[in-house]
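Sharing a structure with you now.
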Amino acid sequence: MHHFANPTRFLRLADRIQPWAASLTMAFVLSGLYFALLSSPADYQQGETVRIMYIHVPAAWMALFCYTALAVSCAAALIWKHPLASLAGRATAPIGACFTLLALVTGSLWGKPMWGTWWVWDARLTSVLILFFLYLGYMALNNAFDDPERGHKASAILALVGFINVPIIKFSVDWWNTLHQPASVIKMSGPAIHSSMLIPLFLMALAFKAYFVWVLLIRMRGEINAMKVRALRMRQVHDAEQNRSTPVASEAG
Amino acid sequence: MNSFVQIVRRDLNLSFRQGMDSAMVVMFFVIAVVLFPFGVGPEPNILMRIAAGVIWVAALLASMLSLERLFQADFEDGSLEILVLQPVPLEIAVIAKITAHWITTGLPLIIAAPILAVLLNMNADGFGMLIAALALGTPSLSLIGAIGAALILGARRGGVLLSLLILPLYIPVLIFGVSAVDATLAGLSVKPHLLILSALLLSSLALCPWVGAAALRQAMRS
Amino acid sequence: MVQFFGDNLTCFRGGRIVFADLSFSLDNGDALVLRGPNGSGKSSLLRVMAGLVDPVAGAVTWDDIGNGSSIQSDPDAHHRHIHFVGHADAVKPVLSVRENVSFWAKLRTSAPDVDGALSALGIIDLADVPGRFLSAGQKRRVGLARVLAAPAPLWLLDEPATALDAGGIEALENAIRAHRAGGGMVVVSTHQNLQIDDPHRLNLDAFPGREQAYE
Amino acid sequence: MNSFVQIVRRDLNLSFRQGMDSAMVVMFFVIAVVLFPFGVGPEPNILMRIAAGVIWVAALLASMLSLERLFQADFEDGSLEILVLQPVPLEIAVIAKITAHWITTGLPLIIAAPILAVLLNMNADGFGMLIAALALGTPSLSLIGAIGAALILGARRGGVLLSLLILPLYIPVLIFGVSAVDATLAGLSVKPHLLILSALLLSSLALCPWVGAAALRQAMRS
Amino acid sequence: MVQFFGDNLTCFRGGRIVFADLSFSLDNGDALVLRGPNGSGKSSLLRVMAGLVDPVAGAVTWDDIGNGSSIQSDPDAHHRHIHFVGHADAVKPVLSVRENVSFWAKLRTSAPDVDGALSALGIIDLADVPGRFLSAGQKRRVGLARVLAAPAPLWLLDEPATALDAGGIEALENAIRAHRAGGGMVVVSTHQNLQIDDPHRLNLDAFPGREQAYE
C-alpha cells in the first residue's frame, strides 16, 4: 500500500543527507574553481577561454545525467507506481533543464571565440537543443491538467519516449561530422587530456553532482508539502460535505 | 482484423460526413507555404533554395494541427471510454484510427505538394522524390503525433502543448525528408536518406501504437 | 455459473482515499445498487469494476476467467463480459441513431439486434435521425440502446436515469428486469428512484479511512 | 469601463494561475523558428536572408494557435453563455478578452524575438525594428484573430478551420512587418511601413470588436 | 409593476418546429414550471426567454422596457432583468468558489452579497477552495450562488436540481421561495420533484406541429 505510505521516512533520510550534500557542494566548488581558474594552464590553442570548459562540460554531463535520472524515475513511477518516484521525476526536470540551458549558454559563449559564431546547426548542438525542449515539454505536460495525477502519468510517458534523444546526443559527434569535438574524457581508450585539466574537470563534475542531490532534496520536500496542502484542501471539501450531513434520498426497491 | 476494418471505416465515414476535414488540412498546408513568398520576398532563387524545406515544415505543422483532434472528439463525447472497454486490443484501435487519419490528411498533403513545389520554383527533377519522401515520412508523422494526441487529452491549451511535445520528435523525419529531396536535386545518391526514412517509419510503426495505447489508458484513469 | 466479485478494494483518487476495504459479490441475476451523497465514490467504484481505474489494494475477479486472477490479467475477456454506461453518451452528431448503435454492437457480435434495442427504448422512430438533432434525454436512450444491442453478462450503469423522462425510466427498468431474468447482472448508481427488484445495496458513505493521505 | 477592467483582470488572473500559458506560446514560437534551419539547411547566409520572414511567419502561426482558445474554454464551460447575458455591452467584453490575451501572449513573443534573431544570424541592426514592428503588428493579429476564434466556436476541427479563416487576413500585417525590418537592414526609410502597420492596427481596433461580438452572439444561437 | 410575457411564440430548431403558438405571462411573485418529456422543448423555451435563441414568430416582452417592444430591442436592459442557469456551471477550476461567484456578481452590482449567497446554498465553508476540487453537486451550488449574489427580477433555471442531493434541493427551494416573496419571478424546467408553491404550469408536450420533419 505504498501509494499513501507516509513519506516521513523519506523526509528523515533527506534531513540526514541534505547537510552533507550542501557541504560537499561547497567543498568541491571551491577546490574545483581553484584548480580551474588559478592552478591549471591555459590551453596552447584556445588560451584562457578553455576555462569555460570547467563549467560547460560538467553542465553538459549533468544535462544528460538528469534526463537519464528522469527517465528512470518515470519508468519506476509507471511500473511500480511508487509515489516518490514520480515526485523525484518532477523534482529533477527543472534542475536538468537548467543544466541544459547552462550547457547551451556556455557552449555558445565558447563557440564565439572558437568557431566564430554563437550557434551552428550541427548534430551535437541541435540534439542538445531538442533535449532542452523535451525537458520543457515534460514540465509543460506535467502542469497542464486540472488533475495532477494525470499530468504525472502523461509526462512520464513522454519522458520515456524522449529518452531516445540521449544516445543520439552522446554519439552524435561520432555518427556525424560536426564542429563539436568528440569525446575525449569518457571513452574506451581512457581519457585523452592532460591531468592538470582532468582534475579540476572532475572536481567540478562532482560539485555539480552534489549540488544536484542537494537541490533535488529541497525540491522533493517542496513537492511533498504541496501534496499535503492538496490533501488538506480535499479534507476541507469533504468536511464541508459532512457538516451538511444531508440525508440520502429515499432508498429504492 | 475485422474490428480494425470496422474502426477505419467508421472514422473515414465520420470524416467524410463532417466534410471539409481533408480539405481544411490541405488548405492550411497551402496557406502556410504561400505565406513564405510574402515573408522572405519573391526572389525565385531564394525561394527555390528553400522550397523543399518550407514544404516539409508546412507539412509538419499541418500534420500536427490535424492530429490535435485525433482522439479529442472521441474523448469529449465519451466514445473513447467505450472504445477502451471493447473486447478489441486497444493497440488495434489506435492503429486503425491512425490509418484513417493518415488516409484523410496525409494522402491529400502528398497530392498537393507538387503544386506548391511549382509555386516555390522548385526544380522539376525533385518532384518525384518530394512525393516519395512525403509518402514515407507522413505516416511516421501520424504515428509519432498520435502519442502526443493521446497525451494531451484533457489538458488545458491542447494545441500549443501538442506542438511542444511532438515537433521536437518530428525533427529526424524533417531532416531526412529534406535531405532526400536536396540530394536528388544535387544529383547525389538518395538511398541512405530513404533507408533512414523507412527505418523511422518501421520503428514508429512498431512502437507508437503501444505507447499510444498506454497513453490512452492513462487518460482514461482520471 | 458466472460470478463477479471484488475483495477488500481500496481506491485512491485525486490525492485521497475514496473508499477502503470494500468488498462485493454478484451472482447470476443479481442487482447491486450504489448509494451515497455527492463525492462518496459511486462513479469511482463503477470505474474500478470496469477496469478503468486500478484499485491500489484488492482485486476484482471473475469466477470463470483466468482461474480467479484479477480482471487486469485478461482485459479482453473482461471487456467481453461487461457493458459500461458512463456520464457521456458517445452519440456522434453526423451518424444516424442506428449507425451510432450498430458501430458499437458490431465490435462485439457480428449479428447485433440493433432495431430490437431501439424499439425497447422507444426510439425506433428516430432510427434514421442524425445524432445532432437529439435532446439530452434522447441521447441518453441511444447510449442505453448500445447496451441492449449486443449481450454481455454484466452491466455497469452510472446514473443511467439522468435526463430520462418517466417513459424512459420505465423502459430502462424493464430492460434491467429482462436482463436479470436471463441470468444477467447489473450494478447501478443513482440519486433518483429506480424500481429494481430485490437489490443488494451498497452505501458508499459508510466507508471510513479517507483523509489519511500524506499525513 | 469598470467591467472592462474586471474582465481583463479575471482573464489575466486565470492565465497566471493556470500557469504556462504564455510560456507555451513562446515555446511554440521558438520551436517553429528552430525547425527552419533543419528544413532549409544550416548555411548562415541563407538563414540571415530569410530570418525576418521566418520570425514573422512563426509569430503569425503562434498567435493563431494561441487564439484558438481565446473563447473556447469559456464556451465549453458555459461562461460565455453567461457573459453574453450580462448587462455589459458584448463589444467591451470582447475587447477586454483580447487585451488580456495580447498581454499574456503577444508581449512574450516580442521579448523572445531577438533571441531567435540571433539563432538565425540576423544582423543586429535589425533587432530594434523587429521589436517595434512586432509591437505594432501583434495587437492587430490578436484583434483579427479574435473574429476567427469567435466564428469557430462549436465547429469541428476548430484549429485547422481557424487557420483558414484568419491566416489570409494576416498577410498584410506580415508583408509590412517584414518590409519594415528589411528596410532597416537595407538602410532605407521605414516610415511608410510603420505608418501602414499603425493604420492596420487602428482599423482593426475599430472594426474587430464589433464583428467579434456579432460572431459570439451567433455562436450562442445553437 | 414588472411583467414579462411571450406571445404566440414559435421555435424552430434542428430543422423542425419545436413548439408553435405558445404564450405565457408572468406577474411579480409568479413561478412557471415547464414540464414535458425529453425533446419537448423546455430548454429551447428557456433560451428563447433569455434571448439566446430567436423565435421565428412571436415576441418576448417586458412591460417596463422599451414600451412593449421585444427583448431584442434593448438587450442590456433585458439582461439586467434576468439570470439564466443552463446545463453548465461555468466554474473555473483555478478560481476559488468566492472568486468564481464574485466575478459575475461584480459585473452587475458594485456591492454584491457573495458570502450571503454562499451561506444560503451551504457552501460558505468552501469559499476559499479552488473550483477543481468540487464534486458535481457542489459545482451546481456555485452556479446557483451566482444568481443569489446579485439580484435580478427574473430567474430562468434549466433543470437546476441536476446533481443536487436532498440538502441542495431544499436550499434551492428556499431560495426560490424568498425570491418570490420579494416580488421576483422564476421559470423552472425540471424532471424531478421540486416543491414550488402555486406554480403556473406549462406542459410542452401539448404543443402540436412536431414530428412532421423527417417524414
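Letters are used for the chains, namely A, B, C, D and E, taken in the order the chains are written, and counting of residues starts over at 1 for each.
In the analysis below, contacts are C-beta pairs under 8 Å (C-beta built on N, C-alpha and C of every residue); 3 or more make two chains touch, one makes a residue touch a chain.
None of the values given here were measured: they were computed from a predicted structure.
The count of contacting C-beta pairs peaks for the chain pair B-D. Among the remaining chains, the Cα-based centre furthest from that of chain E is the centre of A.
Overlaying the C-alpha trace of chain C on that of chain E calls for a turn of 175°, given as a multiple of 5.
Centres computed as Cα averages put chain B at a distance of 46 Å from chain E. One simple way to say how far apart two chains are is to compare their mean CA positions; for chain D and chain E this gives 37 Å.
Multi-chain contact residues of chain B (touching two or more other chains): 18, 156-157, 161, 164, 167-168, 171, 221. Annotation for chain A: residues touching 2 or more other chains are 126, 133, 136, 140, 144, 146-147, 149, 234, 237, 241, 246, 248-249.
Counting only residues that touch two or more partner chains, chain C has 14, 37-39, 191-192.
Of all residues in chain D, those touching chain E in their complex are 2-3, 6-7, 10, 13-14, 17-18, 74, 76-79, 81-82, 84-89, 220-221.
Of all residues in chain A, those touching chain E in their complex are 146-147, 233-234, 236-237, 239-241, 243-244, 246-249. Interface of chain D with chain B (complex): residues 18, 20-21, 24-25, 27-28, 31-32, 35-36, 38-41, 46, 49-50, 52-54, 56-57, 60-62, 65-66, 68-69, 73, 156-157, 159-161, 163-164, 167-168, 171, 174-175, 178, 182. The part of chain E that touches chain C in the complex is made up of residues 14-16, 36-40, 43, 87, 133, 135-138, 162-163, 165, 191-192, 214. Residues of chain A touching chain B in their complex: 126, 130, 133-134, 136-137, 140-141, 144-147, 149-151, 153-155, 157-158, 161-162, 165.
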